[in-house]
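In the two complexes that follow, subunit A is the common piece, with subunit B as its partner first and subunit C second.
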Partner chain A sequence: MKGFSLLEVIIVSAIGLVVGTFLISILVNSNGFFFKQGAVINEGVNINDTMDNLTSMIRQASAVATGYPEATPSFVTSSHVLVLKLASEGPTEIIPDTYDYVVFSTDPTNPNILRMQIFPDPQSSRKSTNQVLTTLLDNVQYKFYDKNGNQVTPVSASVVEVSLTVLAQTGQVSSQRTSKVSVTLRNM
Partner chain B sequence: MVFTAQNKHQKYLEQGVSVIELVLVTVIIAALALLVANLPSSVSSINRSRHSSIAKDIATRELEYLRKLSYDSLSNGTNNFTDPDLTSLPKSTASYTVNDCQEPACINGEKAKIVTVSVAWNESGDDKTVDLSTIVSQGGLAQ
Partner chain C sequence: MNKRQLNKSFCPTIESGQILILGVIVIGLVLVNTLVIIGGSQIYSNNAKYSVEETQATNLAEAGVDKALASLNATGGSYNGDSEIQLGEGSYSVTVTTPDVGTKVIEATGYIPSKAEPKVTRTIKVSASKGLGVSFNYGVQVGEGGLQMSNGARVNGSIYSNGNVSMSNNSIVTGDAYVAGGVAPAPDQESVCTTPSCTDFVFGKNVAGNDQLDVAQSFKPSVSDYLNKISLNLKKVGSPPDITVRITKDKNGSPDKNNVIASGTLPASLVTGNYGFVEVTFTSSPQVNSGNTYWILLDTTSNATNYWSWSADSSQGYTRGAAKWSANWQATTPIWNSTLVDLDFKTFMGGTRTNITGTNGSTVQGDAHANTLNSLLINGGAYYQTANGISAGNYYPGSADPPAKAMPVSDANIQAWKDAATAAGVYTGNISSCRTTLGPGKYVGNVTFTNNCMVTIKDPVWITGYLNLSNNVVLNLDSSYGASSGVIVVDGVITLSNSCRLLGSGTAGSYLLTLTTYDSRTNGSTAVSVANSGNQGVLYAPYGMVVISNNNHMTELTAWKINLSNNVVVDYDTGLASSFFSSGPSGSFSIIKGSYQEK
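Entry: the complex of A and B
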């Protein structure tokens, strides 16, 4: 009966150490990849989805409103808040001189949440909505232009330029994406 | 026969490797190979998702631009366009095609054009495209 020599033990533990380090580094990395993958996919879906909602509402809008409600606004259109006026929908056609309001604003309690709220006129068949568009908001900015591309006040705008930045944070690593699009309002 | 130290060693070598040892080694190697093989697929799936999202973004932007143009300023055919984000897509090309709108989409001789924006890129050997379409009609919106 003979045990292992010191040399054998040292070699075996050295191999064990190398293989162990290799295995753990693979585990840690692939775990990181998993989260990064989730975050990047989430970010892409978020930015596309939010832009879809924004562009489709701007396209339907008759005008940009100064705020909602118009008399004593609790939401005022600015470079970070957008209030749109959409013609109210009746059972078969639009109702003249009656408007629904769509508000895009950041959540007052969490600056990373972008919300879309629809306030329909009582006669309108459009549904009242309060929807979170993204929870990864970093920055959103609106610029207002007329037909000829001159920057104007929101109420006289016929083109709204939206610039949206989302930020996905995975531990120490963050990934950012910005999307910018100019959308023309209805009948402008 | 005399068992010398050398003979004992000889006998030990002739026993070969046991099944358990073989199975253990195979399992360890397989586990390592599996872990390593999974890494590139993670990376490429992140990129694939990112690229299609960027392509959709480029197509949306161009479509919104084309929507602003009048019916009369759109002539049939295919044109290339550029976008700063195209550099983020490998081997990318971007074009839009204008065609007369045919039935059943447009009836009663309605004058309208179908505009299709197409962004194509190469995803490690695979050709990918994102297509978005809109209809621009004479005397329609924004005209």
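Entry: the complex of A and C
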């Protein structure tokens, strides 16, 4: 029986190595591109949905609260935590002098998770909520302005500026995206 | 012939190898990745487009609200909505309902791309009214006359006084107590036009090609002291927003934008369509020096339909200052132009050192703020400059005097209520027998109700004489008022005795404000007298003395001077902080603050 000659084996191995290298390179690049674009897509969807929630609540807020509960706060409004005071909703209309509180804060165990928690008044028809807005949080910053654009303390603010940065990372591949928006408190 | 030669002879084209298989696998993986990325991009594109369309739909709904307000004002409140109006890339619809007198509920929905086939909809609901919002933020608010509490009198809430507070014999304030730094009764500087020199200076809009947006009047104090409050003679056109009022130093004959020494807010609700002096106080009273020039600066934005007019003296009789206007006082190099008139204003400097004095177990359960605190039990913090014989939870010596507080209802507001009452009808003659309803209208004469009389009020009611209620009389607002409040204005004295009650409509947040313009400052007589237990209500006497005794239970008191004795209780209702009078001045619909909701 004749087998392959040494030269044939060497040539075939060399060709196989070259072609295989190209193929693996294509595969790796493709996978890298896939993960990066997947991260970009994930970030984009995350940031849009998170901002929609934030802006809707800020628009409806009567004021930025110092914290929640107001007397002995577990959450204190700062540049990274936002506590909003919204008029409580009855079955058909707003309940006067009664407020629900909405807290936007990072998860205490995982700083990449941004949560929205709603603490309604017992009379309110608004539901208590503890919702994860994003698991890709890199940074969130709140700034507080009056109607003339001067920076003020949170409780005096009629405009809240939100700057949200999300970061998706898989291995060495990462992608970061920032969105910034200023929202006026319509009920201030 | 071996097997290989045999294969080659029968299948000369078969070749061995695995690269093709590997190639197919890799290409397959790449194709799958590509398809997934394309799919994800599609999702992202749709998500981004949806976010944009959500914002567009929200903006369309807000456009619908604006349209509804403009239409309500244009039609005198008879606008009922629109089924669909195209705007830009979408459309909006509006529905308007009338839950009670003076209130409209507007529900506007934005659609992208259209109502018939919406991809995104957003609904906004607001309430609007043609009235006046007034904030009574304290259980008791007192002017320069001060507050006297004795013999177990109690305020369940906080008190704010521009004059001294005297508490004796176990009087209690459960909240905080504030006494403002003393205010001199007469203005230190003033400019008030007299006919025929009175003219208008319009600002907050473009006038003859000039953006007259920021306006300032300078003055030179005659004494060095705190500037506690100012008073400006203004009227408004339309519904302009609140104005930020600043006090600045002078730089080369114009306001110095880098030297703002105080700021305060002039609530637009205190100004009506007719001229009237409106008080402005500051977050902290600035110290001004005699002979130096300071500026009262009003900062507005341009609006062709909602702007201001300042009463002005064309003869420029005020010699210690001048008035100027600018398009932007905060520009890099602001340009100030002379108005060629003096603007009507008054400045009030600090007066005597004010104090809270307590004896015989009198207690402030919250914080106490005053220049001087004497013989007082304070459960919270004591904020003072001088203290004698006090016991407090915490001590804060060297604290600044609280600033003076303007009354929550202005003279212009009261005049507007009177005008509205006159427009509703004028009835001449004293009323001394019970009736089922009263108002709206002007009653020229005295009104006396006695002996279990129950009267339903439709406001505004203006009584030119006195109002005398005794023996279980109840005045209550008509139930159609819902959460809105109403007012009875009395020129003479108000007397309540023996379980008389002044009540709202029955809905939470509704109050019947009973107000007298009687001036106790000139003759020392009582403007409001409440005696013999069981009486209840919200009373207001901006220039009058209110005397309440003997186990009466009031909801809120605001007056120039107040005397509470013999177990009187003022039980502050927090709803008064956002009370709303549907018969108020201005006459234009505006959104009720706090009613904005997204559905």
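FYI, the second predicted complex is superposed on the first by the 176 of 188 C-alpha atoms of A that agree within 3 Å, B and C clash if a C-alpha of one lies under 4 Å from a C-alpha of the other, contacts with A are read in each partner's own complex, and residues count from 1 in each chain.
Please note the rule applied: a contact is a pair of C-beta atoms (placed from the backbone, for glycine too) under 8 Å apart; a residue touches a chain by one contact, two chains touch by 3 or more.
Because the structure is a prediction, the values reported are computed rather than measured.
Once both complexes are superposed on subunit A, the partners subunit B and subunit C clash. Once chain A of one complex is fitted onto chain A of the other, the partner contacts of A:Arg186 extend to both subunit B and subunit C. Once chain A of one complex is fitted onto chain A of the other, the partner contacts of A:Glu89 are limited to subunit C, with no touch recorded for subunit B.
By the touch criterion stated above, A:Gly44 is placed in contact with subunit B and with subunit C alike.
In the superposition on chain A, A:Ser56 makes contact with subunit C only, while subunit B stays out of contact range.
By the touch criterion stated above, A:Ser128 is placed in contact with neither subunit B nor subunit C.
Legend: residue contacts after superposition of the two complexes on their common chain; A:Leu27 is shown touching both subunit B and subunit C.
After overlaying the two complexes on the shared chain, residue contacts for A:Asn110 are found with neither subunit B nor subunit C. In this superposition on chain A, the options for subunit C are 63-71, 135-143, 369-377 or 477-485, and subunit B clashes with just 63-71. Counting contacts as defined above, subunit A residues 23, 26-27, 30, 33-34, 37, 40-41, 44-45, 48, 51-52, 59, 186-188 meet subunit B in one complex and subunit C in the other.
Of all residues in subunit A, only 22-23, 26-27, 29-30, 33-34, 36-37, 40-41, 43-45, 47-48, 51-52, 55, 59, 159, 177, 179-184, 186-188 touch subunit B in the complex they form. Those residues of subunit C whose C-beta lies close enough to touch subunit A in the complex are 2-4, 19, 22-23, 26, 29-30, 33-34, 36-37, 40-41, 43-44, 47-48, 50-51, 54, 58, 99, 105, 127, 241, 244, 299, 483, 508-509, 574-575, 577-578, 593-598.
Across the complex, subunit A meets subunit C through its residues 1-2, 15-16, 19-20, 23-24, 26-27, 30-31, 33-34, 37-38, 40-41, 44-45, 48-49, 51-52, 56, 59-60, 62, 87, 89, 93-94, 96-97, 147-148, 186-188.
Taken in their complex, subunit B has these residues touching subunit A: 32, 35-36, 38-39, 42-43, 45-46, 49-50, 52-54, 56-57, 60-61, 64-65, 67-68, 141-142.
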